[in-house]
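Naming follows writing order (A, B, C, D and E), and every chain is counted from residue 1.
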Amino acid sequence: MLLNQFLILAAAMFSLGIYGLLVRRNIVLILLSVELMLAAVNINLIAFESVLRSPEAIGQVFSIFVITVAAAEVGIGLAIVLMIFRNRKSANVDELDLMRW
Amino acid sequence: MATEAEQAVEAGITGGFWVDNAGIVLILPLVAFLLILAFGKRMKNNGAELAIGALAVNSVWATVLFVMNMTSGVLGQTTFEIARIGSDLVFELGWVVDGLSIMMYFLVSVVGLIVFIYAVGYMHGDVRVDWFFAAFSLFAGSMLILVGAPNLIQLIIGWEGVGLASYFLIGFYWEDMANVNAGNKAFMVNRLADIGLMLGAIILGLAIGTFDFAEMDLAAAEHVESLGAVAVVGGALLFFGAMGKSAQFPLHIWLPDAMAGPTPVSALMHAATMVTAGVYLMGRVFPLFEYLAAEIRPWMVAIGAITLFAIGFLALVADDIKRVLAYSTVSQLGYMMTAVAAGGYTAGLFHLFTHAFFKALLFLGAGSVIHAVHSNNMSDMGGLRKQMPRTYWTFVVGTLALAGIIPFSGFWSKDEILATLGFEGYTAVMVIAIAGAFVTAFYMTRAVALTFFGDYKGHGQPHESPAIMTVPLVALAIPSILFGLFNVPGWHIPGIGNFSEWLAVRVVPMGDHHPEAIDLALAGSGLLAAVLGIVVGWVIWGKDRETQAERDRFDIPVLYPLLHNKYYIDDLADGITAGTMGPLARFTNWVNDYVIDGVVNGVAIMTRGLGSFVYGVVDQRGVDGVIHGLGAGADGAGSALRKWQTGRIQQYAASFVAGALVLIVLFVFVI
Amino acid sequence: MSVSEWLGSPVNWVFLVVALATLFSSWRVVTAKNVVHAALYLVAALGGTAVLFLMLSAEFVAWVVVLVYIGAVLVLFLFGIMITRAPTGKDVGLDTPHKTWPALLSVATFVLLSWASIQAFGTTQVESVGEPTSTEVLGLALLGRFVIPFEVVSFVLLAALIGGVTIARRDLSPVEEEERRAV
Amino acid sequence: MTFVIDYLALAPELVIVATMLAVFTLDLLLTRPNKFWTATVAVAGTALAAVPLVILAAEGSTRSMFDGSYVVDEFAVILKGVFIVSAYIVLLMSHHYIESDRYYQGEYYFLLLASVLGSLVMASARDLIILFIGLELTTGPLYLLAGWRKGDAKSNEASMKYFILGVLSTAILLYGMSMLYGLTGEITFAGLAQTTADLADEPAVVVALFGLIVGFGFKISAVPFHFWAPDTYEGAPTPVTAYLSVNSKAAGFVAFLLVMYQALPGLSDIWAPALWILAAASMTVGNLAALRQTNIVRLLAYSSIAQAGFMLVPFAAAAVADADLAEAFSATLIYLVIYAVMNLGAFAVVIAGARKTRSGEIAGWAGLAQVDTRLAVLVAVFFFSLAGIPPLAGWFAKFAMFRSVIIAGGAATVVLAAIAAINSVIALYYYARVVKSVWLDDPVGEFAPEAEAAPAGSLRLALLVAVAITVVIGFFPAIATFVGDASRVIASG
Amino acid sequence: MELFETWALTLIVFLPLAGVLLLGLVPKANERALKAISLLVTLAAFAVSVGVIFRFDFSGLPYNTYQFEVTETWIGAINANYHLGVDGISLPLLVLSTFIMVLAVIYSWNHWEEPRNPKAFLILMMILATGLNGTFVALDLVLFFIFFEVVLLPMYFMIGIWGDRTPRLIPGFGREVQTRLYAAIKFFLFTLFGSAFMLLGFLALYFESGNSGERTFDIPLLTELGASGAFTGTFAFLVFGAMFLGFAVKVPMWPLHTWLPDAHTAAPTVGSVLLAAIMLKLGSYGFVRISLPILPEEATRWAPAIAILAVIGIIYGSLACLAQTDMKRLIAFSSVGHMGFVMLGIATLTDVGINASIIGMVAHGLITGLLFFLAGSMSHRYHTREMSRLGGNMKLMPVMGGILAFTAMASLGLPGLAGFWGEFMSLIGSYNPLEGLSLGVFRTAMVLGAIGTVLTAAYMLYLLQQVNLGEPGEEWQGREFHDVDRFEATAWVPLIVLIVVIGFYPKVIFNSTTDSVVSLVETAFNAETTASLGRGG
């Protein structure tokens, strides 16, 4: 297996995540896109680790941290979504435009 | 360096108490000025006492010096340093005692004293009398500082002081704007000329290495022609300065207007102070022109000649008696300047000396008349010889002196000038000068005839002025008659010599010519011109008519308008100043407000505009625009508003990504 | 390495299948018209990554992904979707109408990232399905050298938890508050 | 391999942790009227955290743990000091603000302290993982705090924008870190420094680098990663905004510069021009946009973007010109420290002023001087200090910045210096505009009566601390240079 | 007394600042105490500065030796020190500054512009005093910069708060702005713009000084380096240019002057006085103290440009005066002209010229200060500054009119009054500038400068004519105006006396400056001939 096949897959996922982040209106969906990006990062880390084979498995440790942080962020994000939804009865980002000028 | 001058002076004759403390003469009137300012209002005669007292002491002092100089020659110089830059640029104040300055001390003090006394009567009951005497004292004091100056710097101080005092006095009745304007005109013309004085002083001072007159004289005598063009330029500039004060053509325009002040002011201004300053300066730096800057002398002579001849004619059409005298003064100053410029140091200054007395006399006489008839215009006068005999007789004495009738003083001094011109080879100018004598006699006859002969044309009943005014007239009439004898060619008054000798008491010899015998032909033609002037004048104006205007007919076409409009020089000057300064000033202000400030404000406005752009378009809308740029054409205008409403956060996010991508691409592929 | 050579290795076939599935799922995550579907596609995509992790001898991490993501996070998402009453049916308004630039940006990102990877790692080989990293190694690392981030990350979670609860809970109105106090 | 944990080195962090837990526990136990104790404990705990710092500072030795991935040296101590002092001021500012609006107090302080803990960790972080986790802990709570005024739609929006862009930047940052790890196999700064120098031509390293730059650029709100800042600043509770613009930004700066300077010096050919661009763009865009603001907080938001640009200037200049980075580093730090104090002061004044004027619009502040001279003086002090006018502390920040630029030399540097100079004049204009409104304009609206508007004691204390530091540093900038000197430890280490 | 030597300058600088603290403690309502404190503090500072005169060594120490020196470490990290000292050049300006400040406080006693608030005003004045005094004694570039800038804030507030409230249409703005607001911000931005570049210049010097030893901001050390030719080439050109911007704005030199008319017109009386009398001198002093000695070679290169700008300023300022309708604005523009003479003197790089510039600064301080006092007092009474409405002031207020006439005469450079020496000697200097400078440029400058003196006279007479003379306008007829009051008299008489004394005996200034300047010119420009006498051609 080539390292690059993983990296390119990760790049593709990352780019898809960006696309989703830019086009989705629903905040939950935006969060999903971000999860894609983070998953791509994890693929990168694990793939590198399988080449580098560091004694402390740094890549894998890193990815565990990434997963944890991602989980925390999902929690934060959903909390914010709930709050906004309660006030606005909508979870669409493009209605957040109070502060334009 | 100052010592060198002092050594030179010491090499001459010096003398004791009166010389060493001659500075008193310079200071007293100024002290009087300050005291009158402070206490004048509370004094009985509004401070006239102080002014007269100061000049009385001065007169005594100056007379003593004058007499000392007659008998033995007096030379002295005292200076003290007021500033020193580095080792050799030194500014000093002090006083000079030599023939020239003693003559001026005497003149200013004595004539001044007489005029002051006269003024007590003349100004009685007028407004601001204290201020009048204060400014009058300042006037005399500044003149004394000027004539006592041992160097150019002090001369400039006095020079400007005279100008300042004249500004105050000409605009004495400042409630009327016309008077204020006359004062402004005098000040500005003089100030313009002062450029010459200042720059000339700087150039000569730096070129020769000193501002001290004695040293300059020595240096001038030593390095003959070694300075070349610098000396010529400097000399020309100095002459330009002198032209202003001494009202030489075409800078004479301020002087007739300067009649706006009280008559005693005019008397003093035209006699001893102010206008004589220029001639005095030329005399003071005479060696410079003698040795270093002789090239410009013909030009100076030319200007003097124009002045003496052309301006005299203007007196023929003036109705204001003081204006007649003023034009006459300008003309006489032309004589003096011509003489000095032609190399007649003694001749010019002698005429200055005699002229001071009879011109003061004439002005005071005119003042006496004006005082009586409450008008300056000769059309309001006539026949006053009966009502005002003392004024009349003294005025006639002055007129004869001015016209140059033997043996009045004016004859001798004018003769000396003619002789000098002849000797120096300025024959044409000499002819002009003789013609000038005719003109002088001509217009003076007119003035006397219109004022004192015929019937009275004015209002009220004029009567003779009080003694305090007529006694000074008499006091001036005597020297007007006699002082010409001081310098009769070939006559050395036993024990005291003559005026030339007195005036020659200087650090260096003046190198001028003094005829040892009367040139009868010359004197005769001068006298003849004067007599002719009187006769022709009497023929024209001697007869009385119904009105003065009828009597005073001088409406020759072309000539009359020309003279009446003062050769249009005033108009020209006014036109030039009004036509240039006003627009120029307004233009400058416009440049300031709209161009320079416009740039400043423009930068401010542009920065704020840029702020709006950056904030409104780039920061808040730009990403939007980029993202939606492609679809913009497809969507109708109606949905444009909706487009702005979409995806704010996504715009921000897109800018993130786009920014990063652009940077990466930039750095990977470009740099 | 030629394409045929690459295809000669069976593990690459496995990779290809998994990768395509993952990519397809990812694609659906960002395009699905149904919110619930999108979330479920994310499950599939993450499942794909978990398989890849197994292929890359990261056994532990693979199971973490399955447990944490698929087990917990996705449930959270579904709750979020339910609570916010996101339209669970087909919804055309789910995306912004302007997709051109985002698509371009994302393609550009992909091209750039993969180009950079190819430049950097050319033909570097990955040991296929080698010895899995033992959990012991990871455990020692986490509680040894990485103990500080390990502890700190717990605060990240705690803060997220506490803050999330505070932010998400419905505030009582003053009246309700009075009532509660009375009880 | 065993690792020894140096508890003294970790003491400040531990004190904060203890405080967090105490606050949280207390909050559960206290009844509503007594909730102010949570604030008191939080403030006290923060102050207490300074004690071990002082000990560490006095000791002056460098303590290193875990293969040098967590280091407490003089530099870290100073930064922690800055974080703690600014957190202290923010807590003081928060007290009345949070209490008066019936927000959740215990949780608020817990989250704020969590964020402080994150920044403390970042100051010591010398590997990518700790740095990343520290960064997350710093930011994570802030996503929530920005939305703390739950009922306020603006606050919700602020939180949302911050969050979405935050996670995006985190993802990009992580991608960059993963590439970096893949390319080098290292995560410690020291290790990276040794290995990256050879990789400068690799496009992948450029990608990785820019992943980091985007991530940190977001934190410091550098143009073009700044868009969230004005909206979030305006919407978030003002003390949180203050914290965002100071602590969080400072933490971002520290991370940014540490990584560039310590881990990636070999890549300075790439990041130096990038920083140059960021600096120039941030200054210019921030300042120009600030010119048009009418809301005072939004003005401060843009001004803080511009200030971030100024802070980047020395580093960018030195790196572009290949000059001494230590000098630049110290200049940036001096700027950071001074900026922290005066910006906090500005926000404290905004809080106090908003109570008085009942307005966040600059126009609404007109004539404040006529009713409250003291407050108006403070407005002048802080805003003029931000403008860099002597003898207020800000001058020295600008001075140090210009000094390091000049010392760097070189054409690109001169251009940057010129941009900075022009920008400081523009900045002056809008700062002066606020002062002008307060002092020179006539009042337009009603002011709140004295009783209602009197700032709380804690806010007064916050103002006092800030103004004292601002003025004292202005007269004796040597205090600030001490911070700069400390950064030389980094240079030598 | 050693103690006095070490503490004198610090006291002069910081006594007013101590006054600020005291003033802060006194309640707003207690005006008497506030005024008394301010007066005491300024008097104390003045007394100390007089003490400095008495203990000053006038024996002609070489340039770059300073007396009453204090050196304390201040910002160690950048080697910036608290270094104060005076020499013959700064002494007159320092005394002028402390002196005018006392007069300003006296004048303020019963002259308050709206919205009053004496406490705030006096506090600002004291801060201003610290900045002004400090600038004249600072011997460290950073310290100099600080003091130079400190004056900004108080002046900004003075103009902005107590300034002129009449609305004015600013060209290009499209709406009316209150004069004070426009002027304050303009003043502020202009000066800061300049000083930003000045600071860059200082920093560059600091950096460059590192090539020959430790980097330093110390003015004496830099002067030594400068004299030994350490700063040359493009570097020096840029540095001089940067500092030029900073100083020229402050002077102000054409075309950077436009803040001045606005600031002066808008400022309250005391503000205008301090601005004109002292603040403008900071710029020209900066040239003499910093630019010339440290960058002598560059100074010779810049000199013709400075001279040209100075002359443009002279002519331009005077012409602009002639077009003014506002009394204060006229006086403000006159400053542009007068400072042009000061700069012309400096540009000659000769001892004469520089001496001229210093006495010019002092004289301008006294005269224009007095003029602004008068303008303030008159607009206080007439409630207008429009000259077309004024007139006949001599009749309504003879004493004030008289003083105005006197001051106008002094201002137009009448010999025998203080204003003469600066102008005249500037002209002397520009006839023979430093060897190597273009004679053509400088002699043309001399002629144009002399023409400028005529224009000066023109607008001063215009001022007198409009304000003082003629009959009072209808609206003033029958109104009672109280003439000069005792506070005004107390503040003005010393100025009048000094104007006359310096006019007749300029040695009081030259005694202090000459040796320092001569030695400055010798060391910096290796000029052999000092007074440039006898160099014709």
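One rule holds in what follows: contacts are C-beta pairs under 8 Å (C-beta built on N, C-alpha and C of every residue); 3 or more make two chains touch, one makes a residue touch a chain.
This is a predicted model, so every value here is computed, not measured.
Trainee: What's the overlap between the neighbours of chain C and those of chain D?
Mentor: A, B
Trainee: In terms of touching chains, how many steps apart are chain A and chain C, taking the shortest path?
Mentor: Graph distance in the chain contact network comes out at 1.
Trainee: Return the chain whose centre of C-alpha atoms lies at maximal distance from the corresponding centre of chain B.
Mentor: Using the mean of the C-alpha atoms as each chain's centre, the farthest one from chain B is C.
Trainee: Closest chain to the protein's overall Cα mean, using per-chain Cα means, please.
Mentor: E
Trainee: Just the chain pair, please, that has the highest number of C-beta contacts.
Mentor: Looking at every pair of chains, the most contacts join A-C.
Trainee: Could you tell me the distance, in whole angstrom, between the mean C-alpha positions of chain A and chain D?
Mentor: 26
Trainee: Averaging over Cα atoms per chain, report the distance between chain A and chain E in Å.
Mentor: 65
Trainee: For chain B and chain D, what's the span in angstrom between their mean Cα positions?
Mentor: About 74 Å separates the centre of chain B from that of chain D.
Trainee: Nearest whole angstrom, what separates the Cα centre of chain B from the Cα centre of chain C?
Mentor: Inter-chain centre distance comes to 100 Å.
Trainee: Chain E: which residues touch two or more other chains?
Mentor: 189
Trainee: At least two other chains touched by the same residue of chain B: list those residues.
Mentor: 604, 615-616, 646-650, 653-654, 657-658, 664, 668
Trainee: Would you please write down the residue numbers of chain C that are in contact with two or more other chains?
Mentor: Within chain C, residues 96, 98, 101-102, 105, 109, 112-113, 116-117, 121, 144-146, 149, 153, 156, 159-160, 163-164, 167 contact more than one other chain.
Trainee: What chain-chain pairs meet the touch criterion?
Mentor: A-B, A-C, A-D, B-C, B-D, B-E, C-D, D-E
Trainee: Flag every residue of chain D that touches chain A in the complex, lowest number first.
Mentor: 128-129, 132-133, 136, 140, 143-144, 147, 150-151, 153-154, 156-161, 163-164, 167-168, 170-172, 174-175, 177-179, 181-182, 185, 187, 230-231, 234-235, 298
Trainee: Hey, which residues of chain A end up touching chain C in the complex?
Mentor: 1-9, 11-20, 22-26, 28-29, 31-33, 35-36, 39, 42-43, 46-47, 49-51, 55-58, 60-61, 63-65, 67-76, 78-83, 85-86, 91-92, 94
Trainee: Tell me, which parts of chain C touch chain B in their complex?
Mentor: Residues of chain C touching chain B: 96-98, 100-102, 105, 108-109, 112, 116.
Trainee: Can you check the complex and tell me which residues of chain E touch chain B?
Mentor: 170-173, 186, 189-190, 255, 257-258, 261, 316, 319-324, 351-352, 355, 392, 394-395, 409, 414-416, 420-421, 424-425, 427-428, 431-432, 446-447, 450-451, 453-454, 457-458, 461-462, 465, 468-471, 504-507, 510, 514, 517-518, 530-537
Trainee: Which residues of chain C touch chain A once you look at their complex with the stated criterion?
Mentor: Of all residues in chain C, those touching chain A are 1, 6, 9, 11-12, 15, 19, 22-23, 26-27, 29-30, 35, 38-39, 42, 45-46, 49, 52-53, 55-58, 60-61, 64-65, 68-69, 72-73, 76-77, 79-81, 83-86, 93-96, 98-99, 101-103, 105-107, 109-110, 113-114, 117-118, 121-128, 130, 133, 137-138, 140-142, 144-146, 149, 153, 156-157, 159-161, 163-165, 167-168, 170.
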